[in-house]
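By letter and in written order, the chains are A, B, C and D; residue numbering begins at 1 in each of them.
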Amino acid sequence: MPQLNTPKQERTVEPISVGELADAYTHIRRFTESLAAPLETEDYVVQSMPDVSPTRWHLAHTTWFLETFVLGDGAPGYKPFDPAFTELFNSYYNAVGQQFPRDRRGLLSRPTVREVFAYRKHVDDHMSEWLAGDGPGMAPEKLPIVELGLHHEQQHQELILTDIKHVFSCNPLHPIYRPGATARDGVSQPVAPIEWIHHDEGVRRIGYVGGGFSHDNEHPAHDELVHDFDIANRLITNGEYLQFMAGGGYERSELWLSDGWATVRDQGRRAPLYWVERDGAWHEFTLSGLRPLDPTEPVCHVSYYEADAYARFFGVYLPRENAWETAAADVPLEGRFAEDGHFHPRPAPRTGATGPVQMFGDLWEWTCSPYVAYPGYRPQPGALGEYNGKFMVNQMTLRGGSCATPLTHIRRTYRNFFPPNARWQFTGIRLAR
Amino acid sequence: MPQLNTPKQERTVEPISVGELADAYTHIRRFTESLAAPLETEDYVVQSMPDVSPTRWHLAHTTWFLETFVLGDGAPGYKPFDPAFTELFNSYYNAVGQQFPRDRRGLLSRPTVREVFAYRKHVDDHMSEWLAGDGPGMAPEKLPIVELGLHHEQQHQELILTDIKHVFSCNPLHPIYRPGATARDGVSQPVAPIEWIHHDEGVRRIGYVGGGFSHDNEHPAHDELVHDFDIANRLITNGEYLQFMAGGGYERSELWLSDGWATVRDQGRRAPLYWVERDGAWHEFTLSGLRPLDPTEPVCHVSYYEADAYARFFGVYLPRENAWETAAADVPLEGRFAEDGHFHPRPAPRTGATGPVQMFGDLWEWTCSPYVAYPGYRPQPGALGEYNGKFMVNQMTLRGGSCATPLTHIRRTYRNFFPPNARWQFTGIRLAR
Amino acid sequence: MPQLNTPKQERTVEPISVGELADAYTHIRRFTESLAAPLETEDYVVQSMPDVSPTRWHLAHTTWFLETFVLGDGAPGYKPFDPAFTELFNSYYNAVGQQFPRDRRGLLSRPTVREVFAYRKHVDDHMSEWLAGDGPGMAPEKLPIVELGLHHEQQHQELILTDIKHVFSCNPLHPIYRPGATARDGVSQPVAPIEWIHHDEGVRRIGYVGGGFSHDNEHPAHDELVHDFDIANRLITNGEYLQFMAGGGYERSELWLSDGWATVRDQGRRAPLYWVERDGAWHEFTLSGLRPLDPTEPVCHVSYYEADAYARFFGVYLPRENAWETAAADVPLEGRFAEDGHFHPRPAPRTGATGPVQMFGDLWEWTCSPYVAYPGYRPQPGALGEYNGKFMVNQMTLRGGSCATPLTHIRRTYRNFFPPNARWQFTGIRLAR
Amino acid sequence: MPQLNTPKQERTVEPISVGELADAYTHIRRFTESLAAPLETEDYVVQSMPDVSPTRWHLAHTTWFLETFVLGDGAPGYKPFDPAFTELFNSYYNAVGQQFPRDRRGLLSRPTVREVFAYRKHVDDHMSEWLAGDGPGMAPEKLPIVELGLHHEQQHQELILTDIKHVFSCNPLHPIYRPGATARDGVSQPVAPIEWIHHDEGVRRIGYVGGGFSHDNEHPAHDELVHDFDIANRLITNGEYLQFMAGGGYERSELWLSDGWATVRDQGRRAPLYWVERDGAWHEFTLSGLRPLDPTEPVCHVSYYEADAYARFFGVYLPRENAWETAAADVPLEGRFAEDGHFHPRPAPRTGATGPVQMFGDLWEWTCSPYVAYPGYRPQPGALGEYNGKFMVNQMTLRGGSCATPLTHIRRTYRNFFPPNARWQFTGIRLAR
């Protein structure tokens, strides 16, 4: 299986070769399409909130990225599939021109799904030709952009899943994306109590080191003084979160950040997103439909505010970003990822292992660290400089990937970020103290 | 051709027979589907503003109406196609239960278009069977409801057209619903000046009299003292409206109702809806795409506020509802209607006729009369009482039908109504003084 | 006592003389100030919602009206008190220039109350001089504007009272404007059942006829065919309204206009404005403070939506405007008015009288008629044309005046108007059928 | 002069004595009242935006703090001045009960200014008695709360100034708080170019150490690895900011954080708050009125977004919080403070000094560090725990104090915080690289 990143996650890896890149290109582009395959044509169109984009838009935007930043000026004689797409499928690159307003993406019924797939094929054909031909030799500076474009595509693979989950959740018919067990077998094994893993204070190297791909926001690698900390060996479960709720978690203002309490009150939040009470029992909407809540699974679709309130309830904290990275240093890159096709986190395994579990995959983990630049950070020059840097305010950092993240996309140093009230991503809670 | 209403527009007609009703049923239901036929699957899904409903919703809602109000308790043993549709496709009948929120209809990708057509077929099969069998004999009280359901369907035929026009207008690709001349032939004949037709004061019978179908809001017929008036023999043209604009129409607050001026200012209105300036020339988005403005066609997609300001600009008025009905009494029920398949108004014919033209079809005409109950008005008992009466506030009455109204739906006494800021219907201006 | 209008309410009166006008000027301007007298300086500043203006603003705006429309170009050599006030205290006269935004009037702490009173004195001194001197002779066309200015001032007298009532109602300290009985004596006499007064159908003269002052919206007098009707002899009481509430009035959607039901639901309305439940008993905030609800007093501070729903609950209607005017034709102009200083309606008297009671004063009565122009209506030319005409949409007509209306301001033909969701005026319910 | 903090800013100071505290109490409470003295009664009432509180509210809230947290349970037999004030003047202490909604403070005209001063006197009398009598002996745990209450009062002294500045800025009459030069003398001396002061990387002690007062958010003192940096020796001037504007600062999206650009576009920002263009020249609204912009003064009333965009424009950064604290370690606590009575920053002095100027006083300086807890931070237990901790999200840290900050309130380790779009505080720009 062609792989984009896995063998390169260790710090000694070499940059990807052109051949590997071409393989990865095919693999990743096809995987995107496989994620869209279960959908009906109508599903591709809907935008259920401003944060969500229609599936069709994801399919086209990732293609636009490659067309604009690689073929546009890297492939002599290339003709755009449709010049109007430049504005329609630009997300936020001001340097490239106007963007169709983000919150109106759901107003567009054209281009049709069929046309979007034709757009993809058009670009894929030219990209394959470019990669196999003179392209890399003539414009070697485009190779890192191709690689970035594939990682970009993987980010949108995750968004395709989280966005369609939100779309389906708004529908009283509870559509099912991936048929599966509508309820887990009733005999889920209880999860063992949390164990705390201690790390001593010390100066650590933070950020990406090595030859493989990484995002600009993981750079420059630098030293930080990491204070001593304990980190929980596993994620918080639904059962534990129910205790927080039973203890008045959503009614006790003193547990909440001020902005978080305002959100709880204004939006009437009283449970994680996608939790539904039916006949007195909590259910959870998943990509396999609505099903009874499993107390052993990790609690999912909580905002930073909820994660923080949960930690205060128990008198502990969320981990700092540098503590999380320290704790993850020697943990194998294993867990439930998008490639597994389940799109739902699984309970912590009962292992005899001494290290933490569920660090990678399953759920993104809120850290208590706002998303800021590392010391000496410089965004890429040009339009691609808008990729990460301009979001470095009002967001919190998350780590580790989720059950909707491709395994070949994640790194120990990978920094994800969302506003503290966001809940529609696969986000969970790991405690520190 | 089976007809629902035409022969019954004269006040002496008899009620429709069961056979005629069955014919009309088939005809009208098929006509709805013919209106949807040019659309791509994706087009059926989009809701471009709260007033607009997705095409799929119209197709299902009209079906729900018949299922709920006829088959539901009039056809023993009938099983609903899908019980969940009761809430999904209820528009505003509180008496029937909850409604899925109107402004969120665009969030639903399911049921799919295919399923909605299956729903239609299911109900049509049962309705045909019911009409052909014992139904009318066993439950004769349902026959007027079937007839109402067909008129209801015709109202949604018009909305399918006006709503998809709005959806397409939001798309920079300017999709075309009905391929046609993208520009009219350049030699449109100038329109003759307005002639004024005088009517003396007198007590007139207002409202519907006769045996055919009519809406409850046309009842009871009653006498009104209609003051003397002159009415224009034709609609205002784009060319005349351009004079209003050139004369500072959108900048002169004194021409506007206070609420109208606030709308102009807050929304930055400076031309009718769907007018687009391109390279210094006005164009108009139509169901046949974007094309240069034809100065001889009637001005279209203006709100009541604009119609009223236009009239003030020339020191005249819009007609009162009872004056309009008086003026229309002897005018033949002719004009451009939905059956013509053009979905755009045409210029006033240069005729030697002495009576008014364009009274029926082409464009709905704003009257200066708020939509209120006639003296002694009683809504129907039960859920169907919510059909007309509960909208009798904050709306203005319009008369005459449009190029998107089925000819067999209109009557001289027909009362349409929209809020004074609405513009997405086919609405135009006829002056009075 | 100098009087502005009372002797002129009969249709045979003569226009006011200059001497009478000068007397009325003094009387009315002083009455305004007497209404402000109970307030603390702080009370003059607050704007509790966009519809409400600070008392200071009313005091200045009425003065601005006289300064702008009389002295401005009618008194040679007059110097404005402060040119900046032109914008600050213009309400909505676009023809006179910019206006400080209505919803931001509460942001202004300057000019101070003291300065506003100095402004009033400045204008009053010049106006008195003008009236006593050559003014009326040199510029006789200004005399009707002075008279209009005084009626305008009387309208703002009522607004001073209704606006400060709203301001005080937002304050948990429940300030008292006019010390009075905090509770009525417990032995209020029950109110007699409603009697219905019948009027036959007929053509009636509607609108103002006579030589005294009247507003342009009462013109032209014209004939209308008034259908036969019964009208209730008194207003609906709090006790009767409680029955409506006990009967599920605020929960039964079928009783409400569609827009009214949306208002009830969105704003959580479940009782008239200013009703407060305390320890299981309804209280009412009044200008004399919070006190237990008196079931014999007329229900007050209801919107058109509530009045209409109440009428439907009992299967009757609200009167049409022309029916109300017909019924009021021979009723004496008596009732509780602002001059009485109570600012609260009183129970219907138990009289042996055969005619209706509470027609004038006590509470404005919602009619079911939207506020529209009479046939042939022409607004005044110039800026004063903005006085009435530009509000003729989205409003309902009210009749009869209230306990906050000056007696000398009201007429049988007087047309007041407010949007159907407004509740902060002294508005009540009289039924018709 | 009694002093609260100054002698205690060095890390060796002793806690304040009861006698010093009593002196400070009198001094600080009187200083608050001296800040209110120039106001008219009307000025005390207005709330010009949700962030702003009426002066009257500040006067009462600071008093409520002392009444609630000291006298309430620390002075046996104390009777609250008015129990209703508990809710009215609680800002955000959920643990103490309900709060009157923040954005509705401007709706309250009562209690009057006179009553609020009576409230202050009542509490001051009891506090003085308590401090001079048995209080400190009986309830020594209240002494730190008194001290906190005085620092809290000093924070509101600054807010009184910034809030009334905003209120006055909304008034077209441009009221003057403190009469002063309406324009500076035209011959302001040019400011010398920025010099950069270098600091090497190293582990530094960050946070408060010593015996004097400090806020919980300055604790615990801890080591941080501070990377090497250069810091500018002075603040950015109006003249330099004009270059940014002339260089398209407000039009070039690539200079802005994504949220910042959205703010610029949605609010139409094109200059700092309070800048007004008059006849082609920039003016600035100050507490001494509107006056021509002085290019040598520091640019003021910029948001974090603007400060950050300015830095990017020149390819540099804003300082990290720990860099700022490192750079300030040896700088004398001097500058323009509230005690000076100017309430406007002054140009950088032309000194031969090698260290930075304007570090303290003049303007708060945006750092690029989000406001987060120090490692091991614990909020105070009880209601006072709501003081600082619950705001640790969505805010940026500012350092150094301003011309509206009392000198005796500031510390080298003092952490102020505001959301990144806030502009109504005295905030400026110091660069780092």
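Going forward, a contact is a pair of C-beta atoms (placed from the backbone, for glycine too) under 8 Å apart; a residue touches a chain by one contact, two chains touch by 3 or more.
What you see is a predicted model, and the numbers here were worked out from it, not measured in a lab.
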item	value
Chains contacting each of chain C and chain D, listed by label	none
Interchain centroid distance [CA atoms averaged], chain A/chain B, Å	47
Centre distance in Å when chain B and chain C are each reduced to the mean of their C-alpha atoms	38
Centroid spacing, where centroids are CA-atom means, of chain B and chain D in whole angstrom	60
Contacts with 2+ other chains: residues of chain D	none
Inter-chain touch pairs (all)	A-B, A-D, B-C, C-D
Chain D residues touching chain C - in the complex, by the definition given at the top	40-46, 48, 56, 84, 87-88, 100, 104, 106-113, 167-168, 170-173, 175
List of chain C residues in touch with chain B within their complex	92, 94-95, 203, 222-225, 227, 253-254, 256-261, 304-305, 308, 320, 368-370, 372-373, 375-376, 385-386, 390-394, 396, 420
